[in-house]
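So that we are looking at the same thing, I have put the structure below in structure tokens.
First chain written, first letter: the chains are A, B, C, D and E, and each begins at residue 1.
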Amino acid sequence: MSFVVERSPVPGWLTERISNRHLVAVGIGWVTLFFVFPILFLVVESLNFGDGSLFEAYRRAMGGVYVDAFVRSFIYGFVTTVLTLVFAYALAYYLVFVSDRVRLLLTLVVVPLWVAYIIRYFGLLLFFSPTGPLGELGLEIDLLFTSTAVVLGLANAYLPFAVLPIYNSLNAIHHETINASRVLGAGQFRTIREVVLPLSTPGIVAAGVIVFILATGSFLGPAVLGGPNQAMIANEIARTFLEAYNIQLASALAVIYTVLLVAFITAFNAVFNLQEALGNL
Amino acid sequence: MLEVTGLTKYYGELLAVDDVSFRIDEGDFVTLLGPSGCGKTTLLHMIAGLREPTDGQVKLRGEDVTELAPEDRNIGMAFQSTALFPHMTVRENIAYGLRMHGYDAEERDAQVQEFLELVDLPDHGDHFPDELSGGQQQRVSLARALAYEPDILLLDEPLTGLDRVLREEMREWLMTLQRELGVTSLYVTHDQEDALSMSDKVIVLDEGEKQQAAHPETIYEQPANEFVATFVGKSTTFDGTVTTVNDLPIVETESTRVAVTGDHDDGEDVSLFVRPEDVDVEPVSATADGGTTTVSQTGSTAPTAAATAENAFPGTVEKVANLGNRTEVTVTLESGETALANTPRFPDIAVGDEVTVTFDPESVVVV
Amino acid sequence: MLEVTGLTKYYGELLAVDDVSFRIDEGDFVTLLGPSGCGKTTLLHMIAGLREPTDGQVKLRGEDVTELAPEDRNIGMAFQSTALFPHMTVRENIAYGLRMHGYDAEERDAQVQEFLELVDLPDHGDHFPDELSGGQQQRVSLARALAYEPDILLLDEPLTGLDRVLREEMREWLMTLQRELGVTSLYVTHDQEDALSMSDKVIVLDEGEKQQAAHPETIYEQPANEFVATFVGKSTTFDGTVTTVNDLPIVETESTRVAVTGDHDDGEDVSLFVRPEDVDVEPVSATADGGTTTVSQTGSTAPTAAATAENAFPGTVEKVANLGNRTEVTVTLESGETALANTPRFPDIAVGDEVTVTFDPESVVVV
Amino acid sequence: LGGESNTLRFLGFGGNTQESQMEVFQRWADDSEYEIEGTSAGGTTEMISMIQQNPGEFDIVALNDTGMAQGQEEGVLAPIDLDEVPNYTDNIRDGAQDLTFLVEDGETVGLIRENGATGYAYNTELVDRELTSWEDIKADEFEGDLALLDRAVDRFSNCAVAIGADINEAADDEGLLEDVIAEAEAQNANCFSYWSDGATSIQYLRQENATVCEAWGGRVLALQEDGYDHIEYVMPEEGAMAWTDTLAIADGTENRETVHELLNFTYDRENLLDLSDMMNYTIQVEDPPEEMTDLPDYAPVEDLAFRDWSKILPLQDDWSERFQEVKQS
Amino acid sequence: MSVTASIRRASLVRQGALLAVLVAIYAFLLVPVAVVILTSFTGQTFPAIPYDGISVQWYAELFADNQLLGALMTSFVVATSASLLSVAFGTAAAVGFVRAEFPYKQQLSTIMLLPMIISPVITGIALIRYFGMVNVSSGYPALIIGHSILTVPYVFLLVRSQLVTFDEDLEQASRVLGADSTVTFMNVTAPIISPALLAGFFISFVVSFGEFTATQFLISPGSSTVPVEIYTMLRTGLTPTINALSTVLVVIMVVAALLSRYFER
């Protein structure tokens, strides 16, 4: 028995006045008030109103370690995204086209989300440590505290976020188009390449963007699994704020990072229709 | 060309296709007709290799292909949903099968252009499917299925979902195309007009079983059983037992008698079917001897009409449906049966009128 | 009951409904007929209050409701898509309108049960819509639209998408229901059979403009213009100029002459329409004086048939479509026109046959 | 949300030191109408930020020397009236009471609690010789098996010690600083990871990620007590950087008097000895008992060089960045 | 789930290969969870694989650890309230953006996605400094607002994509049946897009529940969340209570997911 409301809790005169544009204003207003404004203030804070150049902090942010961290973040972000997409695609493909136990398998995909990131990273750390299960079995795996470890860790953490959009977009593919491809003479792999893959691009793009954003901005992954050479931009921002106590520099780094990311995504948007793709989440 | 033997498919417990066998000769257009859920798509998919038969065999050009993957069968198929690839242009859609069949770029372009013209869409090659109307999409789907010159074309209700006008147009167009190319075709539909108007042979399917396979005229005029008689075209139906009166065959129903023709064994239980277009309706007041019914056949009194050449029954008009070119009149006979008659358009008959329903014994189908 | 005056709707630049006025009397069943995209849904939505008219007025029971929200108009509406609430059972769907109209629980239950029985689904109250067949869903949709006893029932192509058999069944059922309840109804369709068979009055719409509003028979027999004549039923068409020969009206086309009836001014440019069911086709070899064509009217030679009571034209059979109860024969006349004729089923006519096409001057519609 | 009037809120680092401290506080609370609620934060900056964001919410805080210096700069600390804490002046050695970061403009703002030194520890099962010096950790055999502390000032302090220099001098002497940094780079060569919290150093040792790991003595003691007695703590012969934890009063407290009372109770000798025992660290009491002098990093205040935060704090930003470069060298 | 037969017909070898790849990916994905569950049964005082015998002492500790349970409570309260806010604002915005036509619509909708694009470190720092300025106190108000900002893009995206396929006839039917627009939303729109609302709520909930980076700046005494608590414990050493807690949450989640099938119609 579904629950049915008979009388409006909103007075009629108000109902008549609320238009869809007002709803847009409500949503945008909320985000503006508690996000856009704070970020704008941060931009102001990143400027130097004391001695020296207004852009003092920016000049410093262009220096060695920070550029390294920026480059590293985007490279790790990119590699993680590719790796995650490959894993997520194989998984989602299996769920949509082969498995009979979709619900259970989907649940398993989201289960890790209930365990705090840090705990999961520690799990990986322990797993690959000499005293971990692999070490006990006599397997020497020299993986930890390398770039590989960081990327694998990030891929592990963000895999669930990639599976869901890809799963949705694969699920939306009309099975008849796959049948059509087979009848037209394409084998199974050819069909995947020519039909399934292109038709699931919205999901892939959505997953890719989300993972890229999350991975590029990672803090805990490199902190737990990386060595001295694996600091990413979030670690640098945290360090300048928490250790060096330099809010101006932290803000400048944050602003640069955001601008780079938005620019990157905008460029990407020019190639794929992101708005549409993100709808697949 | 195509030979199907003992094809059977179980979905778990459900028997979707039950031991179906038939053959299609080179160049023929054969229709598989049956109600929704009778197993048509399943059958077609087994022929295409998209589903594995539980039992039975599919032969193409004499070769057993039952175990072959769909891509190795050289079959063309048009889907009810069109199943055009939404991410490819019309041209790319048509070229797809050609690429998979190893045509080189030049042949491909030529073939695509030829088929674009054949389906009357020479300027639509660079459109995407969602920019075309339903009928245009169906034509592209056909071009795609035919471009690589498959051995046989399978069509799964390609016209369902189109509106009446478009449907009739597409039907004509499809027939023309098929005759032009001479491609062997198996057409699946639940629409009897499609089946009767297009095919060399109609195979009627019900609940997974083949009911009859014959020329459209035979299907309509000599249905093999009650299912075929009622599913293909409307009918007035009587059930009864054959007796012979005055050397003429008569079927005695619970409450009346119907004159029929042909050789029938006395005592045989039969069903009778009369097509509405073979049935005439006349207002009682218009008959020569005004007053009440011309012929009374209530109860089990001796039939007076049985010996005459024509069956005539009194009744009351139940419904009058003007369908434009004709009017369908439903009459409840005094004997209890419901008779259907087609009259010329907008007749002077209204619901509640007392009428006489007549039909020729020749037009009665005895099953 | 319902009165629509000068209703107009622009979508940006596009004029979707152009100054349409009509009225519907209490208890009538009126059909709005027109091709896809002609503005039927737009018109209906303006009547229901779901879209705001650019101009014009809607009156219900004499009261101007143009400015009223849809929920305040007491209208019942059945949607083409059924628009049943998928998360509610059949019972809850039907009860929804009753709740919103303030029926109390007891009345509601009684009313729901009554309408479930009325639409012949007494045992389906606890099913969800997706557990019902298409026809059953349509009936629930109707029950939902009627249960709270609206002043008027609007139906937007409720039968589109159903297959032929189901559609005919639903059509009968809908008429019975409407007569039983006596509810004023406005029915939108692009199907001429729907319109002709069900309505007290048909309003034909094209490109947003009202073309004709009349009884079905008038629409079919005396179409107001060419659009109505060709959209409502098929026709053989001739264009020409009226002349009078032997006191009888004749229409002279580019290459032939057609005898007509009625009063027409000489020199008037007219279009002629003949329904296929009024046209007869006979094989030339079967006519009394065997050999070639009976009547020759090629070029601009003087017509020999014009003075006779019957129009007869020689031609070649182009297409033969067996539609079960009848066969549609397309003939290309020697004079160039294409004639359509219905013959009894499975005639002895094949494509390419030389035939004579005849029709009565009485059956020619002059517009 | 606001603290009820008879609750004292204590903000600390959490973990063992916090638990030990709370136990002593609890002894006092048991005899008063007050309750003590402990909160912990992730780091110095977080703690200071929490005091700033929640004015009046905290009464007493435990900060390390860096935190004290930073806290003074941010103005989150209230002066302490030593007259109200006689136990402190009585029981803590004089030399430990006026360290630079405990005093602001002549007024005491922090009371020294425990202190220790950051030496290193190693896994004796994996190393077959005894390690005694900062030089030893640079041996090639430890490449990729060494973990160091991830805090610029601390790291540079130890490197200064390693080359026999004073970090406070390096603050003024660019040439000396370069030498210190060169040493940091030399040590970095073997380092696979820098840890930023004591737990991680222990985790590295335990999980054998690290063979040698810069570490805090108390932590290593606790690890040994857990059965890892093959982990050996080394107080390098060159010495090691000293760190200090202090107690301070949060600015804005409404319980000034009571807090003083609580502090006085804490600095009762018995309580101090218990604290030291629980924490495994030195507390600079007069006449330290033997258990304390036996601690691996025990040293009387006279032997320790404390950092001059008035010099170092302004350099922290720069050093942090230099250290970042060291890591990437 | 219907299965495309053409894929089913792949050779057994291929199926086997696919299965192997799949098992490997799942193993990779679940390694951390498996380690966490295993280590929760250790007899040691720190997370370690219990090679020699299991112990449930940490579960006992967990239920006695008021600080952690308090943080768990905070996490739940914050995640629930923030998710509700996100669902409300995200849905309002999604409905508006799908239904209304106005200039620069596409560009404006990017604003709704910004919180997802900008790193939470930045969001955290920006928010806490802003909250200081506008007098939003840290703790629950800051946490709830902050988390709802961080999660609103997910709801917005999910609801919007569902609304695009929503059949507006249903709303129109409801209007004609006599319900005004608010009642229609509650009776028809909301229940039908409820999968998206639920998914949005779920994603918001887990994101909020696991958020540490921005959260560390927003907490106040007495309103620490589980990840922050964990991070604080990090300095001094994690005890396996955290692993016990994680295990409990995982089990609750799996059981709930499997049970929910029985409550569906």
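Definition applied: a residue touches a chain if its C-beta (ideal position, glycine included) is under 8 Å from a C-beta of that chain, and two chains touch if they have at least 3 such contacts.
Chain labels with UniProt names: A, E = ABC transporter permease subunit; B, C = Molybdate/tungstate import ATP-binding protein WtpC.
Note that the structure is predicted; figures quoted are calculated from it, not measured.
When the partners of subunit C are compared with those of subunit D, the chains appearing in both lists are A, E.
When every pair of chains is scored by its C-beta contact pairs, the maximum goes to A-E. Centres computed as Cα averages put subunit C at a distance of 55 Å from subunit E.
Centre-to-centre spacing of subunit A and subunit D amounts to 37 Å, using the average Cα coordinate of each chain.
Here the spacing of subunit A and subunit E, counted between their Cα centres, is 14 Å.
The set of subunit B residues touching two or more other chains comprises 45, 49-50, 69-70. Residue positions of subunit A with contacts to 2 or more other chains are 2, 4, 6, 126, 131-132, 179, 182, 241.
Each of residues 43, 46, 203, 206 in subunit D touches at least two other chains.
The residues of subunit A lying in touch with subunit C in their complex are 1-2, 4, 6, 16. Put simply, subunit D touches subunit E in their complex at residues 1, 9, 11, 13-18, 37, 39-43, 46, 49-50, 52-54, 57-58, 197-200, 202-203, 206, 226. Partner subunit B is touched in their complex by these residues of subunit C: 36, 160-161, 163-164, 171-172, 190-193, 196-197, 216-217, 220-221, 232-234, 275-277, 319, 321-326, 342, 344-346.
The part of subunit C that touches subunit A in the complex is made up of residues 69, 87-89, 92, 96, 99-100. The touching residues of subunit A, when paired with subunit D in their complex, are 63-65, 68, 125-126, 129-132, 135, 142, 144-145, 223, 226-229, 231, 236, 239-246, 249.
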